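The following pair of complexes shares a single chain, chain A, combined with chain B in the former and chain C in the latter.
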Partner chain A sequence: MSIDKSKISPSQFVFTIVCFIESSAVLSSFFVGISGRDSWFVMIIGYLVYLPLLFIIAQLMKRFPEKTIIEINDEVFGKVFGKVVSVFYIWFFVTLTSLNLLDTQVFASSSIVQKTPPIVLLATFALICVWAVRNGISVLTRYMVIIGVLSLMISVLAFFFAIKRFDFANLLPPFQQKPMIYVESAHVVSTIPFGETIVFLMLTPNVKSSPKKFGKYLLIGTLIGAASMFVITVRDIGVLGETIKFFTVPSLETQRVSGLSRTFSRLELLYSIIFIALMYSKIVVLLYASVSAISQVLKLKSYKHISILITVLCIIYTLNLYDSGISHAISGMTVVPFFWSFLEYILPILTLVVVMFRKLGKKEGGANDDDIRNSGKRNNLAVRPSVGNQI
Partner chain B sequence: MILKSLFKKFIQYQEQKNDTTPTKTFDAKKSDDTDDLLEGLKENINTIKELLGASQDVKYHNIKLKGINAPKAVLIFIDGLVNEKIITDGILAPLLDVEFNIAEGAKVEKLAQKIDTQILHMADVEVSTKISELISSLLSGSSALVIDGIKECLLISTKGFPTRSISEPQTEMVVRGPREGFTENLRTNTAMIRRRIKSPKLRMEHLTIGKKTDTVVCLTYIKDVARTEIVDKLKERLKKIDTDAINDTGYIEEFIEDSPFSLFETVGYTEKPDVAAAKMLEGRIAILVDGSPFAITVPRLFVENFQTAEDYYTRYVYASVTRLMRFVAYFLSIFTVPVYIALTTFHQELIPETLLVTIANAREGTPFPVFFEALIMVISFEVLKEAGLRLPRPVGQAISIVGALVMGDAAISAGLVGAPVVIAVAFTAVAGFIVPAQTESASILRIIMMVISAILGGYGLALGVLGMLIHLASLKSFGIDYLTTVVPSTDIKDSFFRTPLWTMVSRPVSIVGKDKTRMVPAMQVDNDKEG
Partner chain C sequence: MSAVKLVLKVFFLVSFVLMTLLLGGCWDNIELNSISIVSGIGVDAVPDNPRKLHVTLQSANVKAFSTSAGGGGGGDELPFILNEQQSISITDAITAIDRRTSRALFTHHNQVVIFGKDYCKNGVQSAIDTFMREDEMRVETSLVVADGTARDMLSIKVEPEKLASQWIPRMQETISFNIGKIDVSVLDFSSSILKPSAAAVLPIIKVVSTPFEENQLEKAVKETENKQQTTESQSEEGQKQEEGGEGQQETKKDEAGGGKKEEKKGGGEAETKDLCLTGLAVFKEPYLVGELDIEQIRGYRWLKGDVNATGLELNVGEGAANINISNARFKKKVRLDENNKLIVDFTVEADAAIQESFGIDDSEPKQYVEVITKAVNEKIKSEIESCVTKAKELKADIFGILNALYEKQPTKYKAIKENKDEVFASFEMNTDIKITVQDTGKLRKSVVEKWWNDEH
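And now, the complex of A and B:
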């Protein structure tokens, strides 16, 4: 049972996933830096590789609709080993939060406010995120539909604005690189934007939905996100060509040179706005997952008390993660995907195998599950008063 | 020692919190034994005089009833609160026409009831045995008939104090639509609502709040249309108010609102009965306070700030465009000046070259940074606005002209501020008035955003917007999300735009109670069917 009792609608859940994927799509250097003009194809392969993980996440959600991944670990691996596995996940969530905070700070430092000290940029952004997190899942996902739809619209609009500069020849010739490049890049795509959706196992109890439909929502959310990512990648390659490899934020460069006329130009402003909104939407989910996971491991009644402390630790962690943006980008292309593979693929597979072997959880989400979930009662346990925002 | 003191305070706080004693309606209320009327007229009159003191407006009219062994009586009323014609024609004339023949030493059974039902020409009469009730009625404009030899009195409604006539409200002017507004008289206000909603389900529940003012507060809602749990929650909050005075609906508002520290109000208000009635028909509850020409309505949603009565009286296309414009104007009123500060201070590269040169020329020689220029102008505007509002209208207009034209022009000519700042602030000011309900929040938010943008530029501004949105998302009004209908929901038909009335088949789902349907679906004219 999640510590935060507030509920979110399926549409909010779907668009939270969309925003989560899109936030990585606007920072595509981690894979276009490897595969260059063939990145659009790599992106599709990466998504296909991710689909089995989507099935595993959906199965775990379906079998444990009232449990977060931390509680699932306790049940599947036992109290002690389960806690050890949970600590791995906590490290994963906290590191992801810090990495994304770093991405935001690096972008702001390089493109918006160059002279402001990084600590100020980090602290202010983290402050806003923790404020949202303390208000509960229903508040932090409130704008996901708007942010998701707006960023999709802007992606499509930006494609049309880039048409003047778009050169189809930039995508040619395809598939001329070494096979290992494709494997490496597809691995990065499957772990960094898509594999990170494992974090949504922390949100399962908060979604007002039938357990049977989790798979559908995950699929819709990731598909929309992937489609948006595909459009952005094709556009950036078409505009920038092989030089796409040299930019840390290729989409920003594309927007800088795009424009239909003098009137409709300077689109990087629009990009900056949507970038901050998308990074906010990802970081709040990750920060929420971090603080609620830590609270569950420590058996706290509320996550609010430790939220600020964890955020401060994330800021310190962020400041000490990498020496520069370049080393961050290199790490994203080389080391990080291997660490993430273990947490995003190996551990969930292991969890599902044990679940099936020990016949744990519910096999089928029964018809009454909707009523039970919506009434807030399960296994004759009355729900405790809400920690988050409720009526 | 400190801990002990803190613990004591905590216990006191808990006791106060748990004390849910109903509101006292009369602070001179005595215990049950001493509150009863006595048989002796003299004793009763002395007690009343003792309670009301030497007030010259309290009149004691001695009456010698006709007949054998007829009892003495005193009619008490407060001059100015009663209609003397009603007293003369409805009470004194019939009383003095009748003969009260009572046998020596005999006791008259139920004399008060007989006077009420057989003699007085009055509809609203109550028989009471309590002095507290007598005093309370007197202070509300009733007259009390105290008779010698009986432990009862008659409380006769003779209210007739001077009131303002119904006029067009000053805060919600319309081009098309009803022009009547609430007045300070509660009864007139309830009648105006009754006249609009002739449903037997219309409820008007009265409460008395304020130990000194004894103010009548009326809770108005339509049964089944208003959600029961919201009505109960409101009653609970109203009953908890234990204060000396309620002088206006504003007093009630502060006691019942969900987020007392927020810049955004979670309780609505209106001066127009048609607006109050429309809100009640959507499931809201209106609260009327005796002496206030405003009704407050709950629950309040963010979108209500942008809705006007006229939206529903004009065609939906125009109404939708103007409503969308209000949303845009509200955000422009907050963000125009901060964006200008961010652009000119941090992101000059985003300004088109020609405009940049124009701004640079205009600012040449100005001594202050853009932020201070803007701050001076914004504060000056707020001062002028306040001065213009409080002064008599002709003087207020003069102040506005002197302030806006002379001072603005002089400031630019003297080179103290640049012309673009004046334009930005002036535009902000005009845009802010398009959404009158949020002028206050916009004024404060504008200054907050200016400070943020001066420190962190566009990045800070983006964070400021996020912060504002998070705060808005966290607000609730009587358990209903403040942003309901603004963020995608089923009630979107009446939010950023207004769809035709015949599409609004159901009442707002987020607020309404059991009675969800407003009309029959698809009522628009079908020319094909009509032929």
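And now, the complex of A and C:
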């Protein structure tokens, strides 16, 4: 049972997933830098590789609709080993939060405010995020629909702005690279944007929905996110051509060269707006997962008190994660996907195998369960309109 | 909600609003009066020192514009400020210039990068890297080659834009109908040389020495007058020689006088001059290997397939016509035969409208249209052939034929990859031009044909 008792609607849940995936789409250099013009194909393969994980996440959500991944670990692996596994997840969530804070800061430092010290950028951005997190999941996901729809609209609009410079020949010829390139790049795609959705196992008890529909929501959310990512990737390849492999932020360069006329050009402002909004949407979810997971492991009644402390630790962690942007980029393409694979794929598979072996959790969420979840009348799971005061 | 919580919320809200207003750009604030906005960057080779570049930065002189706008006669003020530095790289040169200027150089709004021809011969790779990599530079900035030095081009006044760096982008926009799209950005150039063809073109612009105030017509009239005077004086001389001859000195004085006048108007660093597009510079990888003239430019554009509408001047016998080509459609099929010979089947279909016609027999409309159609076909074909011959000679696939082969038949491209230059230099082209004359303008027949026929 989540220590945040507020509830979110299925549409908020879906758009939180959409924003989560889209935020990775705007930072496509991790896989585009490897697979170049075939990145659109790699993206599809990466998503197909991710689908079994989606099924596992959906199964865990369905079997444990009232539990977060931390509580599932306790039940599946026992109190002691479950805590060990949970510590891995906590490290994963905290590291992901810090990495995304770093991405935001690096983007702002290199493209918008070059002279502003990184600590100022990190602190101000983290302050907004922790403010949202302290108000609970209901408040922090309230704007996801707006951000998600806005970013989809901007992605489509940006495609039209880029049409003048779009050259379909830049996508040709397909499949001319070594097979290992596709394997490596698809691995990055399946772990960095898609695999990270494992974090939504921290939100399960907060979703006001029938357990049977979790899989559907996950599928819709990731499909919309993947479609948006596909459009962005194809647009970037078509506009930048052979040079796409060389840019650190390809989407930003695409927006820079796009425009309808000499007057209506230089549209990187649109990219900057949507980048900051999407990174906010991802970081708040990760930060929320981090602080609520730590609170659950430490058996705290509220995560509110430790949220600022964890955020400060995340900032310090961010400042010490990598010595340079180059190290970050190289690690994102090489080391990180392997670490993440263990946490995103191996552990959930192991969890589900043990669950099935020990016949834990509910096999099917019945109609009665749906009513109970929707009304929130079990285990003190009261749905209350205002969240901030109940944490 | 308790009063304390309400006060706290209001406090946080006010703090955030104040932070947004007051802290925005604490470190990155840029005041307009503290920067010098660079509008053009010139890069030239330094003679006898291939490691160094001569970098010229042109910034608009706001003072000159404001005085002239206010009617305060800013005639003495130059409309631009030039900063120059010789250095091993562009950023190094900018840093050096920054040390001796009161305003920080701001390159984000740079309009054009001009390469001196000599610099291009050694390869433009160092400059391309700077413009692609440096955060403040923009990859959509136009690139051009100066027929001469970039420094000379940036140091003249041009009308009506005043600055060469503003004249060039505007000319590239307006000339697109006449010649086709010639604007090449840093990104386009980089993308082109990374493709299998590895060739690119950049427009060549020349500083024309003819002073602005003295137009071609005046010059022609003067030349005719001078010739007449010379002929008259020669005949007089002949007479005077017979009579004892003194006129020789007078003629020499006249000629010397004319020469001085030219020299005076042509001299001076910021004299108003004209700029003119004279051709396209052909690059193989980042190295300049040759040039295309104006006629070959159009051939290049036909083959690239990005001319939708353009004008054509035709000479038909003694007469001439001007044709407006529109709705152009292109088909380009590239294939390799069994002997690995590259074959290009190129088809152009377009509509034509007659804008001007004289001296061509139009008494029989059907025959007249046939004559015009044939002339248009021949003209387009000759433009294409001229350009293809030049490209073959330079072994530079500026048309992207090898790119097309690689895109459609990558396996066959791999077979010729090692000797692609030779394959390109011997490629065969089958051109099929289908022009349909749709419109003869407001007239069905020329109203002046009678007098033309009388004259000829």
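As a convention for this text, the second predicted complex is superposed on the first by the 376 of 391 C-alpha atoms of A that agree within 3 Å, B and C clash if a C-alpha of one lies under 4 Å from a C-alpha of the other, contacts with A are read in each partner's own complex, and residues count from 1 in each chain.
Quick note on the criterion: contacts are C-beta pairs under 8 Å (C-beta built on N, C-alpha and C of every residue); 3 or more make two chains touch, one makes a residue touch a chain.
Predicted, not measured: the structure shown is a model, and the values here were computed from it.
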Notebook entry, point to check: So if we stack both complexes on chain A, do chain B and chain C clash, or do they fit?
Noted result: clash
Next item on the list: Tell me which partner A:Lys208 touches in the superposition: chain B (first), chain C (second), both or neither.
Entry: neither
Note to self: Contacts for A:Glu242 in the overlay, against chain B (first) and chain C (second): which applies, first, second, both or neither?
What the structure shows: second
Note to self: Quick check on the superposed pair: does A:Val113 touch chain B, chain C, both, or neither? Answer first, second, both or neither.
What the structure shows: both
Notebook entry, point to check: Which partner does A:Lys216 contact after superposing on A: first (chain B), second (chain C), both, neither?
Noted result: neither
Notebook entry, point to check: Which holds for A:Glu253: it touches chain B only (first), chain C only (second), both, or neither?
Noted result: second
Check: So, does A:Lys83 touch the first partner chain B, the second partner chain C, both, or neither?
Finding: neither
Check: Given 21-29, 453-461 or 471-479, which one is the stretch of chain B whose C-alpha atoms run into chain C?
Finding: 453-461
Checklist line | Overlap of chain C and chain B interfaces on chain A (superposed complexes) | finding: 112-113, 116, 120, 124
Checklist line | Residues of chain A that touch chain C when the two form their complex | finding: 110-117, 120, 124, 169-170, 172-173, 176, 240-243, 246, 253, 256-257, 262, 265
Notebook entry, point to check: Can you list the chain A residues touching chain B in their complex?
Noted result: 11, 108, 112-113, 116, 120-121, 124-125, 128, 131-132, 135, 139-140, 142-143, 145-146, 266, 269, 272-273, 276-277, 280, 389, 391
Check: For chain B, which residues are in contact with chain A within the complex?
Finding: 346-347, 350, 456-460, 462-463, 466-467, 469-470, 473-474, 476, 479-480, 483, 487-488
Next item on the list: Could you pull out which chain C residues touch chain A in their complex?
Entry: 19, 23, 25-28, 132, 135, 138-140, 173, 185, 187, 190-191, 194-195, 403-404, 406-408, 410
